[in-house]
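Heads up, the next two complexes both have subunit A, just with different partners, subunit B and then subunit C.
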Partner chain A sequence: MSSLVGFLSLVFAIGINFYLFLSRYIFKFQKQKFNLFTRFSSLLTLLSFFSLMYAYVVSDFSNYNVFQNSHSNKPLIYKISGTWGNHEGSMLLWLSILSIFSFFFSFTKNIDESFKRLTLIIQSLLHILFGLFIIFTSNPFLVNSILVNEGLGLNPILQDPGLAVHPPILYGGYVGYSIVFSIAIAGLFQNTDDEWLYVAKKWSLISWTFLTGGIALGSYWAYYELGWGGWWFWDPVENVSLMPWIAGLALVHSLMMVRGEQAIKKWIIFLSILCFSLSVFGTFLVRSGILTSVHSFAADASRGIFILLIFFIVTGFGFLVFLLKEPKKSKTLNLLFINKVSALVINNILMIIATLTILLGTIYPIIIEVLYNKRISVGGPYFNATVIPIMIPGFLLMSIAPILSWQTNKIQNSKKYVLGFIILSVLVLIQSYFLNFNTWGFVGLLLGFWIILASIIAIFSSYNVKFNIKFFQIINPHIAHIGVGIAIVGITCSSVFQNELDFNLNEGDEFNVNGKKVIFEKIETTNEINFQSLRGNFLFDIEKKQSKKIEAGKNYYPVSKMITSEAGILHQWNRDIYFILGDQKNNEWFVKVLINPFVSFIWLGVVIMIYSGFIAVTKR
Partner chain B sequence: MNRIVVLTPLIILLIICIFSLTYLLSGKDPNKPPSALLNKDVPSFESSSLYNSKKVIKTKDIKNKKTLINFFASWCSPCKIEHPLFFEIRKKYPQLYLLGFNHKDPTSDAIKYLEDDGNPYHFVGVDSDGLIALEFGVFGLPETYLIDEDGKIIFKFMGPITKDILKNEIEPLL
Partner chain C sequence: MKSSHFFRILHITILSFMFFTFKIYALENIDERVKNLTLELRCMTCQNQSIYDSDAEFSNDIKKIVKQKLQAGESERDIKKFLVERYGEYILFRPLMNYNNIFLWSFPFILLIIGVFFVLIKTKTKKA
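Let's look at the complex of A and B:
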């Protein structure tokens, strides 16, 4: 029953969007009615989504999708997250988030009504494309042809609280760019005033903030679940989320800087189209099964071709309009040697080069396999050697960019910055000299601390420090940059100064980790609701009274016959001690211990960036 | 000049779409990468028998005979699907040596599985820790390898083999 409701409301919502789309050309109706119809179709799409969720919650195995991906033994939260833990459901989530964005956009007040309508019509077009994709290739409401009383389970690696919320948040970013895309296209068609730029800024900030949160959740999950001790692997699926993130960053910065310059406006439109295109491209790469990962649920060529077609239409349409309809000529760029505009231009160029570099690395294996029938993989070494050096000048620039002037080459209080930089360089050099020197470590630490220091100098020397909301809005760019600086310090320390120790241990053995005594107490196995767990119990720092307990092991999921590794992590503010329990051989357990310094800084930096994202949304 | 700059995204789009489409239409499956092991020497291995841990098989034991190596497990349902085919192979090609590797399986489960469904293999080696599979670069179960008399891998297949694959791809090599 719920499946029927879900399917019908999905079809009905698409029907309404057809009507809205055609309304521009055939049916004319009042603006009030138009908004109402948009909202109605959004609610119908949500109804469809929640019907599917309901089927998951009550374990309605007469729905084929539920049967394939759920199990009555699963805890409620994973039944709910099971709704989007499969290809069909996650595409429905995609469409639902698109609807939510249209819904809220239809309430926007401060733009021209016909401009708003045009934007929503483009949204309708996107809704139709993805809606048809769901109905024809990925219908989550198919009826199960056999009568069953139990389901087939869910990929156990996805049974994790962090990952349960990761897709909706990530999609908030991906799909949020659809509004920015629609606004930009509408901006090309209706070359009226620049009011839409402010609206676009708000939406692109929201999308970017969601995307940041989604990527961070994904990489945090990879950190503690995949059991490799790293948090970023340059996996193609990570890359496809990083591309719209960097392009979105360029977009947000351009939107903040725009003061009616024609060149920047053009560039903003280009970036808006690019961001959404990259999002759809990411969806295509992941969903078509061209890339294998935990994200590719099922490889099906027809689906791949359908999404490729959508990608082609959306991107082709966007760039074609861009080619044919140029924005009106107005102010020219005020480029100086070092002012805000030139800093912005340099930063944008760097970000776009970085995005293209990642794009090349991601699609290169596909090109090679088509041409030479050889499978290659492009991984960390390529990306580390190309993307990081490209970004470094940008990081250097961002420390002072917010205080640069619009009109002149002068930098306020430049002496303070020079002095700060020199002192900092000496300190970092001394630090590197006493620890084992590493070029990347030196560069990373200097960069990170320099960004933090310069931002702090800027806050205290350029503004009157007051503790009210307005002040925090004003210094928000600096706060965001401090977040980046902290994250860079964390990234540098945890990757360059990581330490790895391997042990072969019997139960009861004692061993040393960084001078601290650790005891391998025992192996425990327990039966949980939906899995069996095997845990090695370790006591860290046994000489102290409050020694810390660490559990590392594996889970075995009988329904899907899969084993997942569960790292045991002792979080300290300055380092993570990361235990991995390996296999047993000759009665000895293989135990790997990784010491990851300052990992917490990465997450702290990301949290600050997300905070700034939200603060920036509140500012006009 | 300006036109060319604006056209660039469209050109890149076209290139990406053409390659992706070719990839999708060529029926390539990312789960079946072209094997790096093909035409290479079989990785060295040593494994004890499922039924008698004292009986051991080593790489040199399969020299000078054509060998079909199959990785399987009792918990792997696609393995169950291809299982009957090995009886046909054994009947049709008695000179072919069938070597099964039982992958990450409790011994009792494996023995019961081969009791229930029959044992088509000449030798069943144990790969309880998955190290042999690692050497072979096994991606997922089941996987099947054909080794020629010189100890070279001449065929590799990921996933359950079917009658068609047996007829069109394996038999010509036998």
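Let's look at the complex of A and C:
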């Protein structure tokens, strides 16, 4: 029953969007009515999504999609998240988020009404494209032809709280760029004033903030669930989410330039189209099954081709309009040797190079396979050797960029910065001399601390420090950059100064981790609702009264016959102690202990970036 | 004038530190070398994991082989060549610098050069 409601409301929603699209040419509409219809179709799409979710929650196995991807003895949260834990459901989620964005956009006030309508019509077109894609190739409302009372279960690796919320937030970013895309295209057609740039800025900040959150959740999940102690692998799926993120960052920075006199409209429109194209491209790569990863739920060629088609329509349409309706040349750029505009231009160039490099590295294996029928890998070492050096000048520049002037070449208080940089270099050098020296470690620490230090100097020497909302809005760029600096310190420490210890242990053995005594108490096995768990219990720092308990082990999911590893992590502010329980051989358990210094800084940095994303949205 | 001075100092400081760091870089022990090499190799039986990070049987075997070969004095290049002959180029996370991959490796730096030229041409050198 719920499947029928879901399907009908989806079809109806697409129908309304057809009507809205045609309304521009055939029917005449009052503007009030237009907005109401947009909202109505959004609500219908959401109704469709929630009826699928309902089918999951009540384990309605007469729905083929539920039967394939759910099981009645899962905890409720995974029944809910199971809705988007598969290809069909996740595409419906995509469409629903698109609708939500249209819904909220239809309430925008400070924008020309006909401009708004044009934007919403482009949104309608996207809704129609993706809606038809869902109905024809990935319908989540198919009826199960056989009568069953149990489902096949959800991939256990997806049964995790972090991953349950990861897709909606990530999609919030991906799909959020659809609005930015639509605004940009509307801006090409109806280039009256620059008011739309401010609206675009708001929406691109929202999308970027969601995307940051989504990526961070994904990598945090990889950190504690995949059990190898790292959090970023330059995996194609990660790259695919990083590309719109960097391009979106370039976009947000370009939109800052609107506040000065020079608007580089053309470039902003180009970036807006690029961001959404990369988002759709990412969806295509992930969903087509060309890339093997935990994300490719099912490899079905027709879907891949359909999404590829949508990708070409969206990108082709976007860039075609861009070429045909090129905006009139705005005022020339005031590029001085070093002022805010040139800093922003350099920032944009570097980010675009980084994005294109990641794009090439991600699809290069596919190109080589098609051309030479040979499989190659392009992995971390390639990206570390290309993307990171390219970004280094940008990191250096970002420390002082926010206080550069729009017009002139002068830097306020430049002596303070020079002095700060020299002192910092000496300190980092001394530090790295006493610890084991490493080039990347040195460069990373220096950059990270330099960004933090320069931002703090800037805050205290260039503004009157007050504690009210306005002040936090003004210093927001510095705060965001401090977040980046903290994250760079965390990334550097945790990757360069990671320490690994291997042990072969019996129950009851004592061993040393960084001078702290640890006891391997015992192995425990328990039966949970939908899995069996095997845990090694460790007591960390037994000489102290408050010793910490760490549990590391594996889960076995009988429904899908899969084993997942569950790392035991002791979080301290300055390091994570990461226990991995290996296999048992000759009555001894293999235990791997990783000491990851300052991992928490990465997440702290990301949280600060998300915070300043929100603050920036509140600012005009 | 002041600001260009600032950047010159910045530049010199960084370069001198870079130089300093590369000199110390050469000293590494054998486990360190095994780690650095196996981090760049794909575990063929896992999904997107390096041999160093993985505890699969395949990875443990390769780690042993790499260590033996390094102890026997073989260079990293020889070891990689040996592994590529056995398992194909797919095992290398760092793509070889060969004819096929010339575009892959040169692309970012070509872009960078174009970018630098763009900025240089567009930048006004006159003082405001």
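The criterion applied here is as follows: the second predicted complex is superposed on the first by the 615 of 620 C-alpha atoms of A that agree within 3 Å, B and C clash if a C-alpha of one lies under 4 Å from a C-alpha of the other, contacts with A are read in each partner's own complex, and residues count from 1 in each chain.
The rule is simple: a contact is a pair of C-beta atoms (placed from the backbone, for glycine too) under 8 Å apart; a residue touches a chain by one contact, two chains touch by 3 or more.
Small disclaimer: the values here were computed from a predicted structure and weren't measured.
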Touched partner set for A:304, first subunit B, second subunit C, both or neither: first
Contacts of A:220 with subunit B and subunit C, given as first, second, both or neither: neither
Partner chain(s) touched by A:585 [first = subunit B, second = subunit C, both, neither]: first
When both partners are placed on the shared chain, which of subunit B and subunit C touches more of subunit A: C
First, second, both or neither for A:381, with subunit B first and subunit C second: second
First (subunit B), second (subunit C), both or neither touched by A:34: neither
Touching partner for A:320 - first (subunit B), second (subunit C), both, neither: first
Intersection of subunit A interface sets (partners subunit B, subunit C): 292, 374-375, 583
Subunit A contact footprint on subunit B (complex, rising order): 3, 6-7, 9-10, 13, 16-17, 19-31, 33-34, 36, 75-76, 129
Complex interface listing, subunit A residues touching subunit C: 228-230, 233, 235, 292-294, 333-339, 342, 345-346, 349-350, 352-353, 356-357, 360-361, 364, 368, 372, 374-382, 385-387, 390, 396, 407-411, 414, 417-418, 421-422, 425, 429, 437, 439, 442-443, 446, 580, 582-583, 590, 592
Footprint of subunit A on subunit C - complex, ascending: 2-4, 6-7, 9-10, 13-14, 17-18, 20-22, 24-25, 39-40, 42, 47-50, 53-55, 88-95, 100-101, 103-105, 107-109, 111-112, 115, 118-119, 122-125, 127-128
In the complex with subunit B, residue positions of subunit A that touch it: 270, 273-274, 277, 281, 284, 288-292, 296, 299, 301, 304-305, 308, 311-312, 315-316, 319-320, 322-323, 363, 366-367, 369-370, 373-375, 561, 583, 585
